[in-house]
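In what comes next, chain A is part of two complexes: it sits with chain B in the first one and with chain C in the second one.
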Partner chain A sequence: MDDTRHHPLDQEHLDGNALAGALEQFVSDLTSAECTCAGCGSSAPLAAALLYAKAPGMVLRCPTCTGVLLCLTDQGGRQVLTVDGVRHLVIGKP
Partner chain B sequence: MRRSWQTAEVSSTRPETARARTLRLRLPDVVTGVPGQHVDLRLTAEDGYQAVRSYSVAAWVPPRELELTVEELDDGEVSPFLVGVLSVGDQLEVRGPVGGWFTWTPDRAGPLQLIAGGSGVVPLMAMLRSHSEARSAVPVRLLYSVRSPDAVFYRGELAVIGQENTQVMIDIAYSREAPDGRPAGRLTHEAVTASCFPPSDAPSVYICGSTGFVETVAAWLVEDGHDAGRIRTERYGG
Partner chain C sequence: MATPTSGFTGRRQNRDTDLPPGQYLTGSFPVMSAGPTPRVSLADWTFRIAAGPGRTHLWNWPQLQALPQEDITTDIHCVTHWSKVGTTWRGVSLDTLFEDVGSDAEYSMVHSYGGYTTNVPLADLLDGRAWIVHEFDGEALPPAHGGPARLLVPHLYFWKSAKWVSGIHLMDQDSPGFWETNGYNMYGDPWREERYW
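Now for the complex of A and B:
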């Protein structure tokens, strides 16, 4: 018998398809999203962060601590977004 | 918003200064945008090399056109082509309009404070034009810092707006060379303070220019007591 499969919690989960509508909000304009830096904890819109576009790829740094928030690189025509430095992104007015 | 590349055609051009010109582009579909947004242009060389650059939209011309003003950079890879070579009827790949933070619409609260360094005036001009077209009652001040009189973009139109629209005050500050009888010199903190709404008016502030210009002016305004949360900035590459 598979424990995980019959765990009560397991009956309640959906799948990522159901997030499609909610995540659409993050697609319309991500630069307006309020980004919290995983390094120093400060927040600012992505549009106010510091972009280094002459690096191999695009590197976006925190305007407070200059730690790397995210990197966007082109790898053989595929766009790869690395978001290690982001704790969270918030969409919507306060 | 369009997320994919589409092909636009140059429908007209006009010079703004000896080193800058306005390009009117016609898109295949209806285009709607917000003042302050930009588009990405993609150019492909014969050998397949591609270059992508962002340019602020200076004017929206419904239903299908928009205008960009491009200044030629000495070491530019793309701007000399856009300013000196591209002709009416030529095609370009365009993505956008994009961007949602450095934008202003007439329903935004408070007076509108615009501060431009050089070609940073382009997205602010889109805001000013939108303000005029909407016959907005929002008071506006534009401080435009520029090297010399012959480097001023939209000179005639700014003069008309400044004279005819009582809601708009325009100050041009000359850093190297000024018209007769006026001082020239680096923009100072005092001059910026004098050309801006006071913090008590809680203006929405938009600053666009080179990285150094934007950071210096934004820091002065915060020092003056403006809420950093009401200051929006856009830096362009030099």
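Now for the complex of A and C:
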């Protein structure tokens, strides 16, 4: 059995901790991020999406097709974010 | 079939305190919705039970109304911590709808107009514990509360009582629905406070 298939021992990767700095910008202003819907492919800022908050969780839907982009639930202090409906998020301008 | 009134109220000594853990009593009926309210005309409404390939049972609105109707008085418990006691509904028992459905499946996925889904073990839909209801408090069920018809399975948290129900697909293995995919419990027993993963 090749153990390195699941636990590569090479020098090609870093620990995920190294991503912390690069991800900070997504935390600071995520609602301005341009979101592309995985369902219909249309793009809009998260701030322009449709939020349904009177529910067991906060459900954000695509403003074009109303498909679910993401869902944020509070499990009594533990936050769960699912993003199945997001193809990608883009922050900043070139 | 007897309504479940005595079964759901017999254990109660004090309505303010004998609620499932973590619940508070409300006199209102909060509208909870994870998406746009689908508008389904009675002329277009259908309900189906899919028991397997080529084994789909379908009812339209007049056919549902022609089945034996039951009046149900029961308490309901939302996972967002409110409970409402003594709610009154009218509809058709799933025992009636499953009468001619033969299946060895143990699980089901409930589907709604608008795309909502929730999983419920088949046993929890039978034996006088679940209904397709179309009246609340003596009036036609309003769209905001799931009209024309919703599932009522009050012994589980109310997210299992799918609004705008359109069908039940039987499954050999359990699979998560919408809220079960997004952080909520696969079963959802309020007395065991099965809220989350």
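In this text, the second predicted complex is superposed on the first by the 85 of 94 C-alpha atoms of A that agree within 3 Å, B and C clash if a C-alpha of one lies under 4 Å from a C-alpha of the other, contacts with A are read in each partner's own complex, and residues count from 1 in each chain.
To be clear about the criterion, a residue touches a chain if its C-beta (ideal position, glycine included) is under 8 Å from a C-beta of that chain, and two chains touch if they have at least 3 such contacts.
None of the values given here were measured: they were computed from a predicted structure.
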Combined model on chain A where chain B meets chain C, clash or fit: fit
Partner touching more residues of chain A, whether chain B or chain C: C
First, second, both or neither for A:73, with chain B first and chain C second: second
Contacts of A:52 with chain B and chain C, given as first, second, both or neither: second
Contacts of A:32 with chain B and chain C, given as first, second, both or neither: first
Closest Cα approach, chain C to chain B, once both complexes are overlaid on chain A (Å): 10
Partner chain C, residues of chain A touching it in the complex: 52, 54-57, 59, 61, 66, 68, 71, 73, 75-76, 78, 80, 82, 84
Residue numbers on chain B that touch chain A, as the complex places them: 1, 98-102, 232-234, 237
Contacting residues of chain C [partner chain A, same complex]: 30-36, 78-80, 159, 179, 181-184, 195-197
In the complex, chain A residues that touch chain B: 28-29, 31-32, 45-48, 53
